[in-house]
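Next come two complexes, and both contain chain A; in the first it sits with chain B, in the second with chain C.
Here is the complex of A and B:
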């Protein structure tokens, strides 16, 4: 009798385990095919998107103000005046931007320029490597993107990014908009929730419908955007002709943002 | 066996009540953090990890304290440690629980915590840290509980538990290594980007962890009839001394590499911590306290005469704990984030609320230790293992005072 009960419990245990794992096994066997999507025929595509910023044309806070404004406006980035701020596109001095290439006797004008700071959309992004949930990931077109709904807010990516490109929503982002601003939020792009990380996304949502990044459009020709893997693209042409720098090349991340000096 | 934790003196219940009050107050602040978000902390865009993660890092060291008792007993058949093993294992349980809680309070979306399991990502060290800490917690609960249960029933420890004990000893090294990898693999953080970080984590864990354990054991001796065997106590103190020497040696290696090479990346953080930079000197007094306390603890631990003096020992261990905490629980984290990726300094200091939530977690740890140690000491008392004798020795000491009395 006892033997029978033991057998029964064993059988029940194995059966329960099989029932629990069956869906996962079935899913794994299916190869995880994503649902089919219909592409926008007008959408822009590339093997590796890259940006070149002409710092001889964009050099003062005033030059950058409209670019930052349009970026933060269309992505509903709140303005927070504390060290817990959120920013996608902002500016820094030469020393802050090119920390590894200091030069105390540099040309005054170069030294006084402001330089655009944003996510570098690295070829080899440390933030993607460290993320424990794949909430930040590299798309096939080279853009490092975020899934705000999967992010657990561990902020490991912020420690991992050598460029300080990432911001964390310490507070509820919508609390930082006035009544008026809330009415004018861009309904085409989600506001984020508290407790997740965010950063520049190279305007993936605009590329998908055939528009170039908002800052590039607002720069009136002082920023170039294109496919780094296409020798005929505008970015490759500029990179051939002009002297450019990238931030912290020694980090081995292969940034996709170049600065014409 | 848990019922043994329910029988206690008013003083025992008073202590439990005190801890519960701290947990309740800290819990209320945590609820406030859940409603308001991490804006209530002192963390910022530049210093994006703070007190929580640094306490987590320090407590991983405490989790390993036990292995310095367990390893000599199981690998070297060092008998005097026999009745100390359970306390090492139980301390590890409390430490792992605190580590996990510090992670939970630190993340921005705790309700999504299980995404780490639903979307397993082996290239993230955090994924592995989740595995090693939970694994170590499980191993210690299993080994500790099974062995104590069999002690209570006056049965030999079952054979099947031995492999788990062996695994847990090796596993103890993994928790430090993986926690160090969390830091030392990041390309932009020069203070952490050093191959010796994991080795330093091990060294500092093997001095600070057993030091905390020894102090807690000394308190346990005060409140119960348990008495550590002298040999076990001395061996552990010697291990602490060696580990601290190695820890400080590794620290000096860092200093040499940085200041002889004079590579800016290597020197900047250390200069910020010990001398201040860009007009920021917030951590300078703390870091020099670390150096002075580390030197003082070594001065009190290295000479055998002082090391064996039980009046001095608690003080030596106390300043060793403060020194290692300042180094690993404060400087390591802030020095890693400063200078920022822009070469600037963003000071960080925990807020009162952050400290209250941390106090809650420490109180949870103290509660777990109290309950588990209460159970362990009551079993040891029933068995007459390692009990205090009137002469101040332990029954395991086989000292000359007892047989003489018995003979008379």
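Here is the complex of A and C:
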């Protein structure tokens, strides 16, 4: 066959076209079956999970102690008494909680209350935006979750979070459990390792099997949990009836945690 | 050949030293590699997938399980026989394989791999 420029260019064109389409054709021929997974039919689902905390009922450290204990117990959070502490659920004063609403001459009782603090599972989470490895991400149901396998401990999320909801494991968290505590760890949930950031996960592992968050269950009706996008959900009912505040509204993060005042 | 004798003796010493590790191994270490003996679960005869698949691909399965459970929020795995399993290393795998030291570690130690699963996940025999 006589080779000339015209033939060569035609051949090159056809070859290039084939190379471009081959992967797509191969994929179509393969049928591409879906992953063999499904959701637990008993699991709870929502378009956007939200929590309402009744601060008229939960207001002293004593009220919060059992909630914090159950949360930290089931998630294997060690107690570290220093500025390197790890916390998923903790408490703050009015001034710490509602930084932007410090009116003078306020009701003394409101000022004396303790307020529950936790990850706000924001609609626009800054921690997700700044995470360089996508270790923290927002699930379709609004929960800001973490993949500890992927966290490199850069702590950008801690700088990004306006609520201080994230804790860094400065040291090996298992070293902070006593021998007794190590034996009583929740075997169904992992611990973390040194060098990762952690925070409240709205009990995704419990929602997946149809249970409500542990703090909500332990609060005996002083905390509400439900779908913010469902007008009939218990959180929407409470939000209609009671006056609520959210933390740092001007940050524009749209928190999913509401406080009944 | 100048200095022939010395060169040949030197070469022999050099080759001898070069081969000494092989000779040492051949004389002291048992000749054949023995597969580690795993303690298999008593209550269950079939794993999530076939033996061959689990033996060669369990790490890939675990990798996918992690993303399915954590990222996609889908925590039920349906195997090739249609049986359903909760996607969980601690609660499903280790529910049958009740001892990490007598199962996971055996092959991993021989193969010289040290996966970091247990830096966070809790082995069924507990922590010390």
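Throughout what follows, the second predicted complex is superposed on the first by the 225 of 261 C-alpha atoms of A that agree within 3 Å, B and C clash if a C-alpha of one lies under 4 Å from a C-alpha of the other, contacts with A are read in each partner's own complex, and residues count from 1 in each chain.
The working rule: a contact is a pair of C-beta atoms (placed from the backbone, for glycine too) under 8 Å apart; a residue touches a chain by one contact, two chains touch by 3 or more.
Keep in mind it's a predicted model, so treat the numbers as computed, not measured.
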item: Superposed partners chain B and chain C on chain A - clash or fit; value: fit
item: Which superposed partner A:39 touches (first chain B, second chain C, both, neither); value: second
item: Contacts of A:204 with chain B and chain C, given as first, second, both or neither; value: second
item: Touched partner set for A:4, first chain B, second chain C, both or neither; value: neither
item: First, second, both or neither for A:187, with chain B first and chain C second; value: second
item: First (chain B), second (chain C), both or neither touched by A:139; value: second
item: Chain B versus chain C as contact partner of A:169, first or second or both or neither; value: first
item: Partner with the higher number of touched chain A residues, chain C or chain B; value: B
item: CA minimum distance (chain B, chain C), superposed complexes, angstrom; value: 12
item: Interface residues of chain A shared between complexes with chain B and chain C; value: 193
item: Touching residues (chain side chain C, partner chain A) in the complex; value: 64, 66, 68, 70-80, 86-87, 90-91, 116, 119-122, 124, 126-128
item: For the chain A and chain B complex, residues of the former touching the latter; value: 82-87, 92, 95-97, 99, 126, 129-135, 150-156, 158-164, 167-172, 193-197, 248, 251-253
item: Interface residues, chain A side, partner chain C - complex; value: 35-40, 43, 76, 137, 139-141, 145, 147-149, 174, 177, 179, 182-183, 185, 187-193, 204, 208
item: Parts of chain B lying in touch with chain A, wherever the complex brings them together; value: 36-39, 41, 43-46, 48-49, 103, 106-110, 112-113, 115-116, 118-119, 121, 123-127, 130, 182-183, 185-189, 336-337, 340-344, 346
